[in-house]
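Same chain, two partners: subunit A is paired with subunit B first, then with subunit C.
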Partner chain A sequence: MGRLSNNCKEARAPLANVFISCVPSLLFLGLILSLYHVPLPWTFVLPWVPSLNVDLDVYIDGLSAQFLLLITGIGSLVFFYARGYLAGHPKAKRLFILLVLFLFAMIGAVVSDNLLVLFVFWELTSVLSFLLVGFNHEDVGSRKSAQQAILVTGVGGLFLLAGFILLGEIAGTYSIQAFLHSPSVLINDSRLGVVLVLIFVGAFTKSAQFPFHFWLPNAMAAPTPVSAYLHSATMVKLGIYLLARLDTAFSDIIFWEYALVGTGTLTAVFAAVQTVYERDLKRILAWSTIATLGTLVMLVGLPGHGAALATVALFFAHALYKAPLFFVAGNLDHGAGTREIDKLTGMRHYMPWTATAALVAALSMAGLPLTFGFVAKDAISFAKAQAEVLHLVSYATVFVNVVSVAVAAIAAIHIFWGHDTIPRKSHPHEAPASMIIPPLMLVLCGIVFGLAPTLIDPLLGAAAKAMSPEFDATTVNMAYDLAPVIEVTLGTIALGLLVYLRWDWLHERLSRITFLEKVGPEGWYLAIMDTLPVIAARLTRIVQHGILPRYLMTMLVTVAVLLLVLLTAADPPWLWPPSTNLGVPVASASLLIIVGGLAACFVRDHLVLLLVGGLVGFGSAVLFMFTGAPDLALTQFFVETVFVVVVATVLVKLRRLKIRDRQVPLEPLIRPLDLFVAMAFSLIVVVLTLLVSALPFDAQLTDFYATRSLAEAHGRNVVNLILVDFRALDTLGEISVLFFSLIAVLPLLKRIGDKRP
Partner chain B sequence: MTSRAHIAEVFMRGLYPVLIIASFWMLLRGHNAPGGGFIAGLMAVAASSAYALIFNSSKASKKMPLLPARLSVSGVLVALASGLPAVFQGLPYLSHPWWTLSLGGFKLSLSTVMLFDLGVYLAVWGAIGGICLHLIETIEENL
Partner chain C sequence: MIWAVLIATGTVVATGIYLALSRDLFRCLIGLALLGNGINLVLFSSGRLNTQVPPIIKQAETTLHNAANALPQALVLTAIVISFALLCFSLVLAVRIIQLSGNDDILAIRQAEPPATDSIKPALEEEP
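== the complex of A and B ==
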């Protein structure tokens, strides 16, 4: 029976998944068709929060369009791949739902023209990345990585928000296009440096730049489709998208150029070195992704239009070769059960199609001619020649390229060629078609665009034009001047192969240098994460001591001091209230309260204490009744009744349980400090009450409700009308709080119930 | 094991519906006279608590229209939904439109404000009633 119902569930789930996985493909097709028929840029406005001047301004130019194509295009393949990767997985549907949400968050981030809306979508992608990295939440490593990812990008997000708000305040507008067209206000403002630093922190955390890079390799705990999609092709490029978007306004600032070129180069070199430490193919790919992200940041920082073109070309090339390589890593995991490069060799005999995809992707990654990777590399050299960069940056780029050639060789040659000499328990097998077609399609695109770059020229031109407006989109004509770069390429490849051949030797040498792990940024992160709970525990022990009388004492003293400060600061007219005839009912109600209060001071028995407490409550209810608040009086009656009866029952039963037997020895009846605090507090409250009653009564509010209740709310009970009509939103909040308090109390009571004697 | 109080049980069986009807009357009259969702909800809580004390908490929660947590959340949802008709009429959320039904000579005025008050009533009954019943349940289990 159980089997049967399980089967039914499995048969039903993929249908929903198929439906969901068509979403990005449909968007992609729609986008392609619209790009052909409607000229860029596309703009439209949806009002959202008019009172804050936040509208969903959509502005889609070449840069956004390029991102949209990558998001939906790679997305289609990732969704297709995920169907094979997670076939029969019980939580597959959850993954698809998260991925679709991520898709829309990403689209929102790249089409928004409003900084605050952009920020909202930006944060959404962080949250979804957290959920996706922690997809295998039973695993401690996954949870830790997810936490790290959201903490690093989330803190960066706060910096970004601060930067955006400051930027908006200076520019007087939150519309990106508006201040890109008139950046002079910004550039001449003295706070510009702060704005830039804040935005840098946000963009660098998101795009895994040094020193915030360490979360990205750890995020590889996510399922492979997620790594290929979020942590290589789309989300990590969002930071670079933002920098590219703002490049028009700030590219003339020296600080902008130096900060980006410096950070980008440092990140690229650092990541290239770190690559050699790893033995897991996915982590190797992650570090090489960081190296590419560094190169992209460096390119955004470079002046000149060549750099703009190089940036967009590298965006494209990277997506076309890195995503297939991630897919290959997933296929190896699936078919051979491991991603450790030591345990993988000669795989082409078992996985011929995966091997083909890996080889072609690797060619593009190494930047060999006739691939799109070569086109991108060509554009980069052109950009550097045009911008006249420092020699140091040039050498750094060459170094990074050498390592990426070596990584490509690992992924293609080391794993798939040679003889399989490693003993293993089960025979490796090829992945299903749904996991082979996506990488093959992507590498095919890489080859097509490599052979005929003119196909993609218009799009790249439009994207580059968005980054540098004076760029002439019609002059894009890429990758036909082989001569100047061919020697460099050959040199890089030769060096890269050398690194590849000495990879194990390098790995062994480098592994001995471990100080980076201890003193590096990840070490700081871990130190902070270790210290925080200790501080929190200490603070909690001081503040939350669990002694009820002391809590009460803290509250009373705080309120008393606050009231005293306010009273002395306001210095009201110290008048005695006019004498009024209270009447018998009010006087007797007051008497009830006084008797209850005094009795409570001298009673030791809990049950009697509860009853005299009830006396105070009923006294107040009577008082309310005769001072014109019948609703309040009724409420007070019911609350008091239910409270006294229920608590009395509890007390009686507790007494029957003989819990009182282990009662602490009786404390003295009067403790001087408590007495003092109680007297001081009541004195202040009495003084306050007297002062308030001495002031003339302001009838403005009463009149407002009195005149409007019947006319506008069709009722006579003003109290109830305030609750349900005039201030209905407040009441809605209150009843939600009531509900949530029930939810909060339930587990507490359950825990008491579980501790049976 | 609890000793049963037969007289109290018979008495309670008759009193409970009276209390609930009274609380409903309190809810409806609240528009023009003292009463309303909060007070009526508390009255119903008193009825449920009394029932739980004389019988037991699980019987009392079965006497409620839904389980306490569900009752409470449905109250919040009813209150949330009561604001929507105004939105469809182009008014701000939670402003309460009025309609007049004429049932042959007798005119009945209706408004979403009643729905809202009903939501408050249910939320209070469910939440506070739930806390009281669970507290009583804890004691029952420990005996």
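== the complex of A and C ==
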């Protein structure tokens, strides 16, 4: 019976996975249908926090639609692929749930028109990325990578939030569209630079730009579907999305252009160099993804509508060829048990379908004609020609392209062609259909759109229009109409193949240069992570020193300073209190208290101390008696007597136990610092009481009790009525406290005199 | 006469704090008791000390006239009882700890915060 129900459970789990994995496909189909029938842009509002003016304003134009298509489209294939990749994995369901959550967070981020809502979804994607990178949480490397990913993007997110708030406050609106239509308020504001830098930090950490790039290759600890989806196709492009979204407002600012082009180019070149260091196919792909992200940032920064088209085209092309290559890396892991390129050759004999997918994806990545990669490269060349970029940037792009050709060759030729000469324990095998179909479908799309770019033109045009309003369809045609690009492409491919042939030699040469790893941003990150706990520990020791009098002193000084600050801020009228004639009894009671208090300071013996302390209590009781408070006097007399008697008993008992015999006194009788603090504090208290007494008396509450006592509570002793009638619940609480302390005291009291612990 | 009361209040508060800052656990406790006493006086005198007539409605009348302020009295009454409970509890606790550690020096009682054993955290300050 137990086995039967177990079987049922096992059978049900994949069914749930099948159901979940259909979510993005359904969204994708719905989106395609809507795009055909309803013209862009789509807008609608869902109220969320009306009191803060934060609503779920949805605004979907071409740019959002392109992201939505990729999020749901690639998402469908990733979910499909993950079913094969994690077949039988005990935590597969967890992965699917996280992926669905991520899907919705991404959708939320790209459709939101409100900056704060965008930020919330932005951070959600960071958190889900953390959970997905740390999916194999038993592995310490995974955990470290996940921590790194969330720290870098999370801190960047805080900068972004600051930037958004500043932007919103200056512009007077948190709606992106409202801001884009009239950006002049911000453009002319002196704080513009700060806003831009804050937003840059947020976008650059998310999109892995130098110097925040290092978390992305480490995030490859995630399962392959996650890497393909989050860390190549969608999440890391969120930074680009934000920059592209704001591009229309800032594109005329020199700083915007220079910062984006500079950072993008630097990132691309740096990542291209780093690619050569790696031998793990997934990390190679990660670095080449960073190079593409750098190129995208550079393109967003370039002025002109050609650049807008190039951005969206490259963005699209990259998703179509990089995701399949990640799938290929996953298949190799699955079928051959390794991703090390040194251990992989001639794989086409074992994995023909994977080899096909890799080859076609690589063709697109290399930018060969008749692929969509070529269309994207074409658009980039046109954009650069139109924007008249510096030669340096041009050379850098060519260099990055050469390396990406080499990477494509590694993925397609080195791994799958040639003879398999490496001895292995078991034969590699082809991946199941669920892991072959997704990459094949994607590369097929790449070819179809490469052969007939007009199919995708409306979408690219609409997306480019969102970044550059003057954009029109003719630019698309102009961009595709550049014959000379063929020569450049062929030159790039030739150079790329040369790099590919010398890859191992380059790797060996570069590996000798290790200083980059030590002094680079990752080194700084590690240094910070090492120092933080030490600083925290030191700080803890400074604050938590374990010395009771010093804790007390800290509290007193803090309260005193706060009181002084409040007193200065309130600036009350400095008046003397009106004089009252209460006569000799009050004066003598006060004298009793003063004598008791002063004596208590200078008495060493505990029993005597207790007695002089009691003097203060009895003095107060006398004072109460002569100021119209007989109830108080009675209570004080009683409590004081009980206290003194009980404590005296305990003290005598302790003396008998010889615990209190101390030859040398603990401390000097006069401690100047403590005396000063005590006197200063009491002076503040006295001044406060004085000021309160001098203010006109507010008799509202007193009159309330004076008039209502007999009428409503049917008694004549007002103090009593307040306690047992008007505030009866308080008194109940007080009695409970008394009772609980009695419960706590009793067992301890029994043990006094008992030597056992 | 408000002056006399204020000076008394100040003295008690100062004495309370001075004793509470002591290294001797017992003196520290008595200090807390005195501090509570002092604050009660502050509360009480803030309600104005004008008369010796207790706040009790006379037989022939229906409202209270020309009597002491009842509200601070009620508050102080509560405070006295609560601080009594607090003191009894802390006294028993203190006596027990003195008995267990054989010492009434606050700096020597370290059961709650023992010296650190790991390498990152520096040790607690040594006893003076």
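Note that in this section the second predicted complex is superposed on the first by the 527 of 757 C-alpha atoms of A that agree within 3 Å, B and C clash if a C-alpha of one lies under 4 Å from a C-alpha of the other, contacts with A are read in each partner's own complex, and residues count from 1 in each chain.
In this section, a residue touches a chain if its C-beta (ideal position, glycine included) is under 8 Å from a C-beta of that chain, and two chains touch if they have at least 3 such contacts.
Keep in mind that what you see is a predicted model, and the values were worked out from it rather than measured.
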{"item": "Subunit B versus subunit C as contact partner of A:Leu566, first or second or both or neither", "value": "neither"}
{"item": "Which superposed partner A:Ile486 touches (first subunit B, second subunit C, both, neither)", "value": "neither"}
{"item": "First (subunit B), second (subunit C), both or neither touched by A:Val645", "value": "first"}
{"item": "Partner chain in contact with A:Ala728 - subunit B first, subunit C second, else both or neither", "value": "first"}
{"item": "Touched partner set for A:Ser579, first subunit B, second subunit C, both or neither", "value": "second"}
{"item": "Which superposed partner A:Gly628 touches (first subunit B, second subunit C, both, neither)", "value": "second"}
{"item": "Touching partner for A:Ser736 - first (subunit B), second (subunit C), both, neither", "value": "first"}
{"item": "Partner chain(s) touched by A:His714 [first = subunit B, second = subunit C, both, neither]", "value": "first"}
{"item": "Chain touching more of subunit A, residue-wise (subunit B, subunit C)", "value": "C"}
{"item": "Partner chain in contact with A:Leu701 - subunit B first, subunit C second, else both or neither", "value": "second"}
{"item": "Intersection of subunit A interface sets (partners subunit B, subunit C)", "value": "630-631, 635, 639, 642, 646, 650, 654, 657, 716-717, 719, 723, 731, 738, 741-742, 745, 749, 752-753, 757"}
{"item": "Residue numbers on subunit C that touch subunit A, as the complex places them", "value": "1-2, 4-24, 26-28, 30, 33-34, 37-38, 40-42, 44-46, 48-59, 62-65, 67-71, 73-74, 76-78, 80-82, 84-89, 91-93, 95-96, 98-100, 102, 104-107, 110, 112-113, 116, 120-122, 124-125"}
{"item": "Footprint of subunit A on subunit B - complex, ascending", "value": "30-39, 42-43, 45-46, 49-50, 53, 68-69, 72-73, 75-76, 79-80, 83, 93-96, 98, 109, 111, 113, 116-117, 119-120, 123-124, 126-128, 130-132, 134-139, 141-143"}
{"item": "Subunit B partner contacts - residues on subunit A that touch it in the complex", "value": "630-631, 634-635, 638-639, 641-642, 645-646, 649-650, 653-654, 656-657, 713-717, 719-721, 723-725, 728-729, 731-732, 735-736, 738-739, 741-743, 745-746, 749-750, 752-753, 756-757"}
{"item": "Footprint of subunit C on subunit A - complex, ascending", "value": "533-534, 537-538, 540-541, 544-549, 552-553, 556, 577, 579-583, 586-587, 589-591, 593-594, 597-598, 600-601, 606, 609-610, 613, 616-617, 619-620, 623-624, 626-632, 635-636, 639, 642-643, 646-647, 650-651, 654, 657, 659-660, 666-667, 671, 674-675, 677-679, 681-683, 685-686, 688-690, 692-693, 697, 701-702, 705-707, 709-711, 716-719, 722-723, 727, 730-731, 734, 737-738, 741-742, 744-745, 748-749, 751-753, 755, 757"}
